[in-house]
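Each chain carries a letter (A, B and C) given by its place in the written order, and its residues are counted from 1.
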Amino acid sequence: MKRDSWQRSAITSSSVGFYLGASLIALCTLTPIILIAFAALTSRAELYTWPRSIIPTKFSLDNLKYFINAYGVLKSTFNSILVAMVTILLSLLIGAPAGYALSRFRFRGKEAFKLGILITRMFPTSLLAIPLAVMFLRWRIYDTILGVSLMHTSLSLPFTVLITASLFLKVPYELEEAALTLGCNRITAFIHVSLPLILPGLAAAGIFTFVTSWNEVFAASILTVQNRTLPAHIMATLEASPLNFKFAGGFFMIIPAIVFIFIIRKYLLSMWGISVNK
Amino acid sequence: MDCRRTALPYFLLAPTLIFLLFFFVVPLFQVIGLAFSSEHSIFTLRHFNRMFGDIYYQDAVINTLKMAVIIIPIQLVVAFLSALIINKRFKGSTLFLYIYAIPLGISELGAGLIWLSIFTEKGYLNSILYQLGILKEAVIYLSYQSPQWIMTAIVITEVWRATPLVMIILLSGLQMIAKDYLEAADIFGANWWQKVWLIILPLLKPSIQSALIIRTLLAFQVFGPIIVLAGRLFPVMASESFFWYTLIRNEHVAATYALLLMVISMIITWSYLVFLKTKDEQVGVL
Amino acid sequence: MKQRRILILMITAAVATVALLVLPVVAKTQVFFASTQFRPIEEQQFIRDEILHPFTEKTAIKVTMLNEDYGPFIDRLLAEAKAKKSNTDVFGTLHGDFPDLLANGIPQDLKNLPALPGRTFIPELVKLGQMNGQQVYIPWTQATYLMVANKKALAYLPTGVELNALTYEQLLQWAKNMHEQTGGPKFGFPGGPKGLFGRMLHGYLYPSYTGHQVQKFNSPEGIELWKYLKELFKYSHPSSVIYESMSDPLLLEEVWVVWDHTARSSPALREKPDQFVAFPSPAGPKGRAFISVIAGLGIPRGAKNLEESWKLIDLFTQPETQVKILKGTGFFPTTYEAINYVPEGALKILAEAVTKQAGATDGIVTLLPVGLGNRSGEFVPIYTDTFQAIVVQGRPIETTLKRQEAILQKLFAETGAPYPQP
């Protein structure tokens, strides 16, 4: 990578300070994650001692085992994964065509549509979840995977539309046009030309949707009783859970974040409109 | 670009529009219905009166605004510095980007539990300070007697959890800034501060606007870390809505809180758009 | 090709998702048991592993237990009754929920079901389960709220104070001693949003100070009570307004003396039985008020698996099971055979305190309010809000009490519910 002059000069003039600053922020970000990992791996008895040892004297998987074996955890984890998958599927199926339309066509009402998408961002989750609970009861999808997925889709759909739009924008339309002249129709042109090019970005957007759904707790708590997602389950049992359950649960919930953000780290910026790998 | 008049884009938009109709417009009207009606009457203000008269109401509104006002500037500064660092593209900058971005994937509840392990009386913070000899005995941070500590704990948790999003938006903006401007500034002998103040920040205005809007909207909705760390000692509108629904089981008052939150969100977004006017289409990235 | 791999992966994931969604529900003969009790993780675990699992092994009846909060629990039973399709076979909840359930025609009369041999129910409890001439529930468990103290705290007990005859004034002196002599507050209570401190206010303090839960909410005695609470709170752990269960703060030694539900303080006693003592709740000017929490088991009308359901109720009320539940969770039995069992260790500490509380000469038994219907969730918050306003926010006592009393009266007037005893 070729460094530009302004960047080079800044680095050489204060490179020690620069790396110190960069590392300081990294340290602040990582310390709490390391602490919760240690907390999850500290034996129950040691958690209750004062002062609590930072690095456990003996690493133990007992808390995590206890958490995973606790009733409802595996089931709600499974529910969470299922909800997230359905959410990804629904938001891509519904949102990607709209994103494609936004990127490829100029049409009356386009600005109004974009404004509408912006307005959806102002809806607090509570505003959606409370009436949806009433509606879902009537539609008989209250307390189901589908119900929570629909709710999560409504949270992630605006995001999906805009992401897919920005992904398609980066695929030159000329490529599709060339395919059209070579005997493809619009659909086959899309499948053969555009889709492969945007797949990695689409996968990254999907993973981000997964994380969003995996993390959502307000709506999931309100829309489920028996078929809780993991955060809703932890939330519902929080008041009477011992420390080791809380800490193991906290650690367990952030593992997907650590893994998935790593997988999509290169696409994080492109998801917000601009590519990092220029 | 295809300029022909065609129905195709409308077909492509239709699923999204129908979905938005069912899951945004219908719920909006239902919330209005819940907020303004009761079992006995079609139109009533009793739920609003109940909310206004509730002992948590004033604090909830004030805290909601206070949180946004305190957290967002801190986030902007930290995120801007982080983004400048990553944008240098030094060796290992991708690794740093990854580390900075991890909290992006951590839930409100997860973040709350993480910082709970740190801030409780016999938690990690006190343990560390005690073992270092800085504290003689544990300090009680999460206490009604020290609202400033509770507030600090919540601010730290939220800054830690939600700054990466701002950083990503600003970083995207930074990368759009053409190198020519900065090279020109170098030629004129501008120092680092001048470059930041006179070139980078003005050019970054659209991204800053996006980040401000999205962070403010999200900050108004935060309730996980607040419930975990402070229970009802630091009421905000989102948590009150949650408690009225799950604890007191009165969906009408819960709906009035949600509605009020929405109105405040709209006013703030509108004022950002008006006062930070930009010509750019960046807003669409929201 | 990388892209193709991703595409294949995504399609596989999509297909798998759809397959999982439409997966046929396998029909099994099982008993569906809904309970508002045993919600804490460790209690659920215990009931499943130690009580229900052996039952299934022995009888081949699979029991699905769902532990849920009171609101959703009642909503679901109501919805099932409306749909005339009962998925729930057995339900277990507090005595106070039954009048509402009965008003909606949910529980069936259990009088004519086969006798349950080998046990003698406490007759008062059986009588409580009779409403409108029907036996709507079989007494299941009893519980109450107690004080628990770390033995370290006993050194600071004011001289001449008998733990089992503690008064609220003495508790204040004790809390003050500990605060002043150890340098930090050592008394705590579960005042968080889901904590049970509200029960202490309406079921313990109010009757102990005014003789009533509701009637004398705003009265000279009531004002005395709030003055006392303001004073006590000065020497209470300031996280008490966040705590939801006192077992962890006890084990962490953030606090030494607590008040909580037996089931929520007992994990600490089970963990370190030698370090803690339990004793009755304190007494006020009008006596030693305490809540007796009674839970019953019922069967909804139209439940399908009547025979299996009855077997489950049989299981839960066998003295051996009740002793096991007492040991495992701290919930007390409803049959004489089980009560006469003498426990050891942590349970012995609790059981003795419960007996002493129940047998106190100045005792006042408090019952939870019934008949508030779908507004029962509003009762306790009136008391906790008052606490928040007067003690935490420091608002004036008189005006706050006047305001909150109006809300309280309105709740009872609008629902037509009778005032709870006393």
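Rule of thumb we're sticking to: a contact is a pair of C-beta atoms (placed from the backbone, for glycine too) under 8 Å apart; a residue touches a chain by one contact, two chains touch by 3 or more.
Since the model is a prediction, treat every value here as computed from it, not as a measurement.
Touching chain A and chain B together: C. Inter-chain contacts peak for the pair A-B, counting C-beta pairs in contact. Averaged Cα coordinates give chain A a centre that lies 16 Å from the centre of chain B.
Taking each chain's centre as the average of its CA atoms, chain A and chain C sit 38 Å apart.
Multi-chain contact residues of chain A (touching two or more other chains) are listed as 48, 50, 238. Multi-chain contact residues, meaning those touching two or more other chains, occur in chain C at positions 69, 192, 194, 244, 252-253.
Looking at chain B, one finds that residues 122, 246 touch two or more other chains. Across the interface of their complex, chain C is touched by residues 54-56, 120-122, 137, 140, 142-146, 227, 229-233, 243, 246-250 of chain B. Residue ranges on chain A touching chain C, taken from their complex, read 48, 50, 70-72, 82, 85-86, 88-89, 137, 145-146, 195-197, 199-200, 203, 206, 225-226, 236-243, 245.
Chain A meets chain B in the complex at residues 1, 3-7, 9-11, 18, 21-22, 25-26, 28-30, 32-33, 35-36, 39, 48, 50-54, 93-95, 97-98, 100-101, 104-107, 110, 113-114, 116-118, 120-128, 130-135, 150-151, 153-154, 157, 161-162, 166, 173, 186, 211, 214-218, 221-222, 231, 234-235, 238, 246-247, 249-250, 253-254, 256-258, 260-262, 265-266, 268-269, 271-276, 278. Residues of chain C that touch chain B in their complex: 69, 71, 183-184, 192-194, 237-239, 241-242, 244, 252-254, 374-375, 377-378, 381, 385, 388-389, 392-393, 395. Those residues of chain C that touch chain A in the complex are listed here as 2-4, 6-7, 10, 13-14, 16-18, 20-21, 39-45, 48, 66, 68-69, 72, 76, 79, 192, 194-195, 244-245, 247-248, 251-253, 264, 267.
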